[in-house]
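Two complexes, one shared chain (chain A), two partners (chain B, chain C).
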Partner chain A sequence: MGIYLWRRVVVLVPTAWLVLSLIFLLSRGLGAAPPLPSLEADAIGLTDPTSQRRATEQRMRHRYGLDAPLFYITLERSYLNPNAARRWQWHGTANQYHSWVKQLSRGDFGFSYRDSKPVTSVLLDSLRHTLPLTVGAAVLATTLALALGVFTRPRWQAALRSILSLLDILPLFVVALLLLLLLANPDVLAWFPAYGEGRIATEAVWWQQLGTYLYYLALPLACLVLVTTPGLALQLDAALQHELGQAYATTARAKGLSTSRVQQKHALRNAWLPFLTVLAELLPALVAGTVVVETVFARPGMGRALAEAAAARDFPVLLAGVLLLATIRLAAYILTDWLYQLADPRLRPAS
Partner chain B sequence: MIRLFTSLFLLVVFAEASSCSSSPASRELPLRVRWIRDPETLDPLTQPNENARQGVNLLYQSLLTVDYEQQRFVPLLAESMPSVRHQGARTLITYRLRDSARWDDGQPVLARDVEFTLKVMNCPDLPNEEVRAQFGFITALQPDPLDSRRFTLVCEGAAPELVLASGDFPILPAHYLDPQNKLGAVPLAALQQDSLALRHYPDVAPFVQRYKAAQIGQHPDALPGSGPYRLASWKTGQQLEFRRKPRWWGQALQQTAPQLQARPEQIEFHVIPDDATALLAMRRADVDLYPRMPAREFGRLQADSARHPELSFYTAPSYDMTVAGFNTRSSLLAHRLTRQAISHLFDVPQLIQATQQGHAYRSVGLINPENKAFYNDSLRPFAFDPTEASRLLVRAGWQRTATGWERQRPGQSPQRLALRLSYRAGEPTYEAIGLQLRAAAAQLGIPITLHPTESSVLSGRLRAGEYDLYLRSMTGNPFVYNFAPILHTESIGSGNFTRFGTPDSDRLIKSITTEQNPQRKARLLRRLQALLQAECPLTVLYFNRYQIVAASRLANLQISGLPPGYNVMAITSRPDDSH
Partner chain C sequence: MTRARRWGAGLALTWLLLLLAVALTVPYLPLAFSPDTVDLTNIAMPPQVSQFSHPGHLLGTDPYGRDVLTALLYGTRTALLVSLPAALLAALAGISSGSSAGFWGNSGLRVKTGWLVAAGAAVLFTLAALPCYWGSYRMLYLLAIPTGFFMVGGILLQVKRLSAPVPIPLDSLLQACITLVSSIPRLVLVLALAAVVEPSLPTLVLVLALSSWVGTARLVRAEVARVRQLPYLEAARAAGIPELRLLVRHVLPNALRPVKTSFPLSIAGLIGLETTLSFLGVGLPPEVPSWGRTLALVRLTPTAWWLVVFPVLLILLTTLALQQLASRPRG
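And now, the complex of A and B:
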């Protein structure tokens, strides 16, 4: 098993690295400059002359290290003869990619272009806000999906399936806005706060702090649970229905076991396999956050941080975020493989 | 499970109620303002967005500031407007700082602080590229040997706007950031040349490191400021809270200098990115001020204002405009009559109604019609007139054929009039304008394809001239009339996206920037508007209005068309509403 997992790591890590390198080269190769409002020239009446604008851009590129060649080898036009065809040129280690890899090898992700904060602190701060929301939602959604899939009485199943299918087709932003307009609206019900994480009084005791925190978390959490649960429950239900149609389930029933007993004791273990795949898909989503919920409920988090970094061309934050997500996704693949083999011994490689 | 959820819910409700009741009663309600985004940094050198500028202005002060109501510059740290002398191609601007101006630690604000700030603004390797370019015209500071508060700024150029610009940067405390006066020995001119400063002045690099390590942008509370507020808390992406200083030097002068007023005791900026959530927050009274509300939401809320007596509605003509630009170097649009013809296809009144709920207003050009002295009211904006457009196309050499409009070119195949309209993706206003233009042009037989483009890619394409037409927003102001960055031939490839420029227009633009006499300046600006309408490198579709909704308990908002549209430091609570 250990060798098998090690092999998976050996294959997946270079793949992830290749993807990340491609993103690095493409994002920087597009020539997009870091954000500098005056360079966008949308304001009339600036006193800086045009010549200074170019110098400004050059200085900024120099400060960010964007004036160095992009890669070890690039296609360049000759300075002496600009009309000549472009030729490949070797730059040695004095290039952006090499500096970036060197930085990464020291565990240094650099600084955000926007606020000059260390990228690590930007991501950790975002995760601190995102993880309680996404992990909470994942735990609740999985519990609910199991409860609905396994413990629902047969006569309710058809109606439940219809409700879950209806919920499943609703986009996240619709659910978020619906919850907001229904439960945080003075014209309907203003039971919950509309945005933010609330202000926790410093003199409040721990349960008051927890209460305030949960009060503000309720709607975003409900939103994620409502969107995640149907997919999980329907998947589990489909897998269970499939297993219950198998010969071994019929035999068990013929021996006098009740349907629910067959489901819980025999079918559930086999129905786990497709369910595990869906669960593993949740893992990267836990870290990536959810930009829609974070934006609608004005909560900071990983999704908003990455979306804003992309919009502002904040490459250091963006690349570190992609690296983190790629790592988590790889871990999710490996974890799924391992759980698969744990759940079904037939899938284990021959020793 | 139901029991578990019920218990949890009760815990939450009880805890919420307890935490609310346990909060101490404040003397005055805080002023809560909606911000659409986080300021990212409060470093006076960077100020990457309007919110950052607003935050920095609460902490630090510049020599001059804007009087929002009168829309003119007034002295802030300076005791009066500066005296100006011209010396050849240079302008000498003399300021004197107020005697009572103090930093938080009680130290006086002196000419040394201004000199130090100018040096920091030019230090290599600091995130100061933009201020460096903007204030690069200040080449030296001459302190008065007899008066530590008096100094003269030596500025390159003679444009009257330099005087206002010379006082528009926040001043930093030299005694705190450079207690040993290491930068004192480095001339400003040397710092303006990066390599020279680092090579010849070994104290510069350690200072830069220290400044970076201080992380002023994230921890401005560690630095003494001269402004009336201090940053009490900052939850990134959520909320910033500023508290008025109990003892601030400007308090004693508020009767004689209204620009030094700081009325709210506590100001909170709530970061709410989504407009729908912000609207709900306003209606729930979670925020007191919603600046620049989208026109549609503002219209709906105002129409229902009888149900919302707790809200007040304000509008102000702004300097933000929506502009259509033409690539004047594209062979299709090289003829001015072709550009004029396309301009006649924008149904601007309908667009104003559709996109701005009728709140925007038209203009013949880049000068705001509210500016009566400089606006050329003898001109008329392009009317929606497809017949006139056809006539102009014929005059420009185009011929209507069964498939569209074509033009014969000697020795080449006929040229077909088909255009690409580029604009920033995800912007409903541009989408609406593009669709209207496409429909009007299609009826005339001109195919126009819409190219919504990602912001940075669009900027690159506009700079490189890889487009036919574009839509974008621009911001003007009532103080500076320097059109060189957007219309001079020297700016082609940087800010002059239309690639327009003739020797005449270049001369005119330069004359406007240097003209001192207001009457002559007005004449030149009117000429420029006429020239731009005739040449039509760009068409101003409309100027926007700021729509602001505030809680009725607020008074003295000093609503204006200058960003952010209100004066946060002037706002007061009506007497019966304060606690």
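And now, the complex of A and C:
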């Protein structure tokens, strides 16, 4: 692995950590009371609205570790004299942040506030549903961008470019809703199912199962591809145009090679490098895209888990999701670095 | 400029001005319904023709019986109130940070060590003391900090080693900040931050600005670094113009050209982001009308095409107009 990659990793890990810590501290510090499972409190609250409820709440806060001080030092109001100025106080390691970090280092993300399930299982379960969608979209979008950038006739390119730059700027959920309204609507064209993943009959043959799965996957996949392809294609196009303006391309043309041959055999290889930089951002961007797509099409998955956690202020799930995304970005960087070396022999370590 | 392009630019500008006018005057418009009127006899009604005797819902109603036209007009106001200040804040932050990083780089700005130490101490002291004294008369104590800064700095400068100037790595600092903001995809960062803070207009504007200054900063940094090398700057420097004036009066006017293109696009992006957040139910309180909120209601009534078509049309036209404005060739 190149020194370039290590520099990136060295920068990325602490920054991701800082962002995560910031969100953690803000979520515990600002969000006055996280929406704890309040069933118990409500049931008791009917009989005695004040004292018992407060005791229950206190118990809940203790169980989730929310009664400890937030950070190593916090501002504390003096108990003896509440009107006096607040002071900074050192708490040592008995604080929420420290125990959170200790939990994380053991791989324990805590429990969801909403349904008390362990966060790890919630996320792993949702990742299983999301990965086919994102990886499929990444492969399709890359292939499509390559096809559009390389194999289109010059005559069509101007029109194509303006269509792509329009698509590039539309918000994802607008595209998703339009597709939903046009292609999964009994009033217009009911070609595709509108919601969910489809119930797969267990006795069906494997290709029937796969068919149902793909049938339900088609529209969400199309949304992600439609939204991500334009950026990729435009980038590749710009890189190709730059390379075709270089002297070696002119030489190749002067030698008598056809334009398409110069493009595919000579320019493309060099245009790969800036294109790869965009590819590194693709996978994290796609996972972010599933936030919208899975909400619109009501599919279980990582994106919907994140969106629902944000709407319901379920911070353990939200934080773990953010951490997972940072990890995915790291993985994407490592993958891209490897692809860089594949594309450009000069970047390979001397053996 | 061809005739078609001029037409396009004129149309785009007209549309944007119309939006602005609606946003400014919407409380005074003669609308038949107020934004929080709930018409329970007309729930999720398709668009109907208004009659002279009793007003109808021209663009239909949502599943709660609110008028879609009114919601969209008030939503225009929300969209502009969120995206314009956020875009301006982001542009301002991006231009100031990007230009100083591009102009001075890692070694251009030198400050005497004594002043640096004194400034660091002053900032630390303010950060530690401000929350303690916040809201009481003791805040007046903080007035002593600037005096202390000059005194401590002056004393420290007497020491020989502390009076040597050290370079401030502005460029590396900016790069670190950019990595910090962009270590997580933008939508997820905004989603997480918006979920954490209390949902309100000012906090949303801050969160959006925080996540979107990066692009402008990158653009301006690259452009300033390019302009800095040009011969006319050498001439200006030789004429003895001070550094800050050089940056503001001579470099920036030439370096802001890419920002003029990116600014309308960033507004479009922010409108998209705001509607996405409202669509997901994060960011703004649920009683604030917005395009995204109206769009989100289609999930309750999947066949209500009027809940999708009209907001999408608004977003589409606005985005197109802003894009047209950005791609206009500068004469």
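The criterion applied here is as follows: the second predicted complex is superposed on the first by the 293 of 351 C-alpha atoms of A that agree within 3 Å, B and C clash if a C-alpha of one lies under 4 Å from a C-alpha of the other, contacts with A are read in each partner's own complex, and residues count from 1 in each chain.
We adopt the following convention: a residue touches a chain if its C-beta (ideal position, glycine included) is under 8 Å from a C-beta of that chain, and two chains touch if they have at least 3 such contacts.
Fair warning: this is a prediction, and the values are worked out from it, not measured in the lab.
Can A:207 be said to touch chain B (first), chain C (second), both, or neither?
A:207 contacts chain B only, not chain C.
Decide which partner touches more residues of chain A, taking chain B and chain C as the two options.
When the residues of chain A touched by each partner are counted, B comes out ahead.
Who does A:325 touch here: chain B (first), chain C (second), both, or neither?
second
Contact-wise, after the overlay, does A:194 reach chain B, chain C, both or neither (first, second, both, neither)?
both
Does chain B (first) or chain C (second) touch A:26, or do both, or does neither?
So A:26 only meets chain C here.
In the overlay, answer first, second, both or neither for which of chain B and chain C A:218 touches.
first
Name the contact category of A:56: first (chain B only), second (chain C only), both, or neither.
A:56: touches chain B, not chain C.
If we overlay the two complexes on their shared chain A, which of chain B and chain C does A:87 touch? Say first, second, both or neither.
second
Between chain B and chain C, whom does A:125 touch in the aligned arrangement: first, second, both, or neither?
After superposition on chain A, A:125 lies in contact with chain B alone.
Contacts for A:295 in the overlay, against chain B (first) and chain C (second): which applies, first, second, both or neither?
Both partners, chain B and chain C.
After overlaying the two complexes on chain A, where does the chain B footprint on chain A coincide with the chain C footprint?
Correct list for chain A: 30-31, 177, 181, 185-187, 194, 295-296, 298, 311, 313.
Which chain B residues qualify as touching chain A in the complex?
So the residues of chain B touching chain A come out as 1, 8, 11-16, 18-19, 22-23, 37, 40-41, 43, 48-49, 125, 127, 129-130, 132-137, 159, 161-162, 165, 194, 212, 215, 217-218, 235-239, 270-274, 276-277, 280-281, 283-284, 286, 366, 455-457, 459-460, 472-477, 479-486, 488, 490-491, 494-495, 497.
For the complex, give me every residue of chain A touching chain C.
Going by the criterion above, the answer is residues 11-12, 15-16, 18-19, 23, 26-27, 30-31, 75, 85-88, 165-166, 169-174, 177-178, 181, 185-187, 194, 284-285, 287-289, 291-292, 295-296, 298, 306-307, 309-311, 313, 315, 318-319, 321-322, 325-326, 329.
Can you tell me which positions in chain A touch chain B when the two form their complex?
That would be residues 30-33, 35-57, 59-60, 63, 114-117, 125, 147, 177, 180-181, 184-187, 190, 193-197, 199-201, 203-204, 207-212, 214-215, 218, 295-300, 304-305, 308, 311, 313 of chain A.
If we count contacts the way the header does, which residues on chain C are in touch with chain A in the complex?
128, 131-133, 136, 138, 176, 179-180, 183-189, 191-198, 265, 268-269, 272-273, 275-276, 279-282, 292, 295, 298-299, 302-303, 305, 308-309, 312, 315-316, 319-320, 323
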